[in-house]
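Scrolling down, you'll hit the structures one after another.
What follows is chain A paired twice: with chain B in the first complex and chain C in the second.
Take a look at the complex of A and B:
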């Protein structure tokens, strides 16, 4: 598929999402908002997880910080869109400070550290009751104008956020920064040797992966009208975003969007039809994904699928 | 004297934690796989014990060997069928895969057992030593936990299989050149990890109510213990477990029980940055 076709299809898909209020009910619009939201999160994760190859599970921490920064700003009387900008900066600044410490770790240690961050922030937020309402959560001022207007507003808002992250992805994919991040993904020590400032590049990628999660979190808080620590800082959500990105194709420009859309639709279908077993089906999707689509949906090839299942062919490869 | 009681409580809890984390630590150290299934395997062991006790009146100490063997078999199969084909893939791939398997296992346990908390009740009374009071069933649990962890240590130190596991952990390629069948060692190691998870489940069922909602709590504790103590060694898990037990016990008193886990995680993050090899200082493998 040439890239001009790909951009054309992407534009049609975005228009399709934006047109949902014209032909679908509020249920369809809600799914469209979810797809735009998770596309933005998945594109964000792609900076650190896809381009740079660091297994970060901190998405939920940035999203949750965005939720609370946005909600608290709005409760202080700051206009909604300004509150979202504040949340973006809070998440970005937090990631930049954290990255300097956490990005010294690699592989499994980095993964565990990022999970630890989500837990610690969740526990701090839920015990700092005087500011955050603790486990009771926070109410966020609702938009006026009835459910239809609210749904349309947030559909446009999430789609705009998604397009901004997408534009950032395209720009970085073609830039010196993107090239450097791919070098780090392949071999960090070698990248360091040839003169890439790996520390600065990694912190840049980590900060980028957090910025827009903050925006999405704040927008989600305004949309939902209520947030609590358990839902805002859920590890399950971090893992969902990672799976979406892997499903579409990590490190590609369109993969995260394709993965987020495919996953959200599948999840909606399983919830609606197999209530008791939706988690198990989700697990089966993940297992199938790992074996049969190691490069994601965008790199699907029928050749060699079965060969992957033979244990001997890969387990002898050097580590 | 109240602090002495807290420290003793912490040590008793820590022995249970060591048993909980040692299998997870071994799998991570030897296979370089972060086994997200671990928490669910603990709960599976706990449920099997509970239903053996409730349905057939089997004492947990008698159920323990059966549960351990069963989980060994389950672990061997999971590793051989699902994880072996991609064991050399990056951490992200294997972690995501075990997460997928965990969702499946968790879902079936929740549907068949429901999430109701259940506990085996063995009323042995309490013992008092000076000012320290301790329920006997907890001491019994601690004894079992230390016994099983000790057996694992002896197996790793003394048996041919144990030496082969340690060799693979040190250098997988060199081990393969020495004639060790690495893929089989991987399967056995994972099976031992599952066995220790099941054992921890049996022991926890005697002391605490078990429910599927606890799987992620147990998994989180295993992370913390591994990082505190150091990865892939029995000593590391023992040190990490006892440190976390004491820290949680004291933090529960000083800053309130709801913050006990926060303190554990904060300690983990601090150690990750300052001393990634853990307190025992045995270097981990990336």
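Take a look at the complex of A and C:
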């Protein structure tokens, strides 16, 4: 697939998402919002997990911080979009400060550390009742207008956020920063030795991965109208975002979007059709997809797939 | 007299109770080719790691062109013009050969734009004879090819001092001849070279001066001819047989003089 085709298909897909209110009910629009939201989160994770190769599970921490920063700003009377910008900066500043410490860890240790961050922030937010409402959660001022207007507004908002992250991804993919991050992903010691300031580059990637999670979190809080610590800092969300990115193709420009869309649609399909076993089926599908397509859906080649099905021709262990 | 490009003053490096380097002092002159020899575990690679900031010296000072660089980080060493190759090659495996070299030009060299870095990388590929492999992934190269790639990547960083850590290990004798010619032409560009080597043919045909490390101590710093006669070096490393053979006048064509 040449890249011009890929961009064309991407544009059609975005238009498809934006057109849902014209032909679908609010259920369909809700799915479209979810796809845009998770595309933005998955594209964000791609900066640190895909380009740089650091398996971060901190997505939920940045998302949750964004939820609370946005909600608290809105409750203080700050206009909604400004509140989202504040949430963006809060999440980014938090990641920049945290990165200097956390990014000293590598591989599995880094992954565990990032999970710890989600839990610590959740506990702080839960315990700091005077500010955050603790376990009772916070109400966020609703948008005026009926459900249709609200759904359309947030569909456009999430799609715009997704497009901004996508544009950032394309720009970084072609930049000196992106090249340096790929070097770190492939061989960090060698990257250091050719003159890359690996610490600064990793912090930049980690901050980029947090910024837009903050925006998405704040937009989500405005959309949902109510947030609590358990839902805002759900480790399952971190895992879901990682799976989406791997499913589509980590380190690629389109992979996170493809993965987020495919995962969201599969989840919706199994949820609707298999009420009891949907999680188990979804899990099995993910395992199968990742086993047969370790490079993600975008790596799919019919011939390669057949070759994998012949066990004699290839080693069985996925790379 | 030309000033020292690199000077070590009483550099030690301890790992726990092990003295990997013990008060090592020497100076490198601009444009010189100097070899470091010694048995396994003598501290040769540690020496390069301390110079490039991978390890920080436990005591002593490393000076580059008179500036104290003891506490520098590897990327700072690279930008100052201190490049090194690894004993165990360290490519970016899923990048093309050209991109590997471009990384050196982009981050360690004088180029800040991708296009310029790619151009510079092509020049170094031509210099090292890797042009035909430019678009192949680095992991597809043979060992000799990957060693050349390491060299090309380092050269793209426009180094002033190049440290070669056993670039000839694992190569066959015709590959070594090719590597020798290549190192000579690198020296012809005015780059100071510090080479860690076990292949005596390489040392005696290239080096103007030899440093001998043994248990972390510098036991000799002399010309190749003198080294071959030095009793401590013979005992520690070369062996009696080699010493007898090399007591014949060694035709060591010195290159890159001045």
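We take it that the second predicted complex is superposed on the first by the 301 of 319 C-alpha atoms of A that agree within 3 Å, B and C clash if a C-alpha of one lies under 4 Å from a C-alpha of the other, contacts with A are read in each partner's own complex, and residues count from 1 in each chain.
Quick note on the criterion: a contact is a pair of C-beta atoms (placed from the backbone, for glycine too) under 8 Å apart; a residue touches a chain by one contact, two chains touch by 3 or more.
Keep in mind the model is a prediction, meaning the values are calculated, not measured.
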{"item": "First (chain B), second (chain C), both or neither touched by A:182", "value": "second"}
{"item": "First, second, both or neither for A:195, with chain B first and chain C second", "value": "second"}
{"item": "Broader residue contact with chain A after superposition on the shared chain, chain B or chain C", "value": "B"}
{"item": "First (chain B), second (chain C), both or neither touched by A:146", "value": "neither"}
{"item": "Contacts of A:77 with chain B and chain C, given as first, second, both or neither", "value": "neither"}
{"item": "Shared chain A surface residues [contacts with chain B and with chain C]", "value": "none"}
{"item": "Chain B - residues contacting chain A, complex", "value": "28, 32, 34, 80, 82, 84-93, 95-97, 99-104, 106-108, 110-111, 172-173, 182-183, 186, 216, 220, 223-224, 226-227, 258-259, 261-262, 265-266, 268-269, 272-273, 276, 284, 286"}
{"item": "Residue ranges of chain C touching chain A (in the complex, touch as defined)", "value": "52, 54, 73-75, 78-79, 83-84, 86, 90-95, 99, 102-104, 106-109, 112, 114, 153, 157"}
{"item": "Touching residues (chain side chain A, partner chain B) in the complex", "value": "49, 53, 55, 101-102, 104-109, 111-113, 115-117, 119-120, 123-124, 127, 235, 239, 242-243, 246, 276-280, 282-287, 289-291, 294, 308-311, 314-315, 317-319"}
{"item": "Residues of chain A defined as touching chain C within the complex", "value": "174, 176, 179-180, 182-183, 186-187, 189-198"}
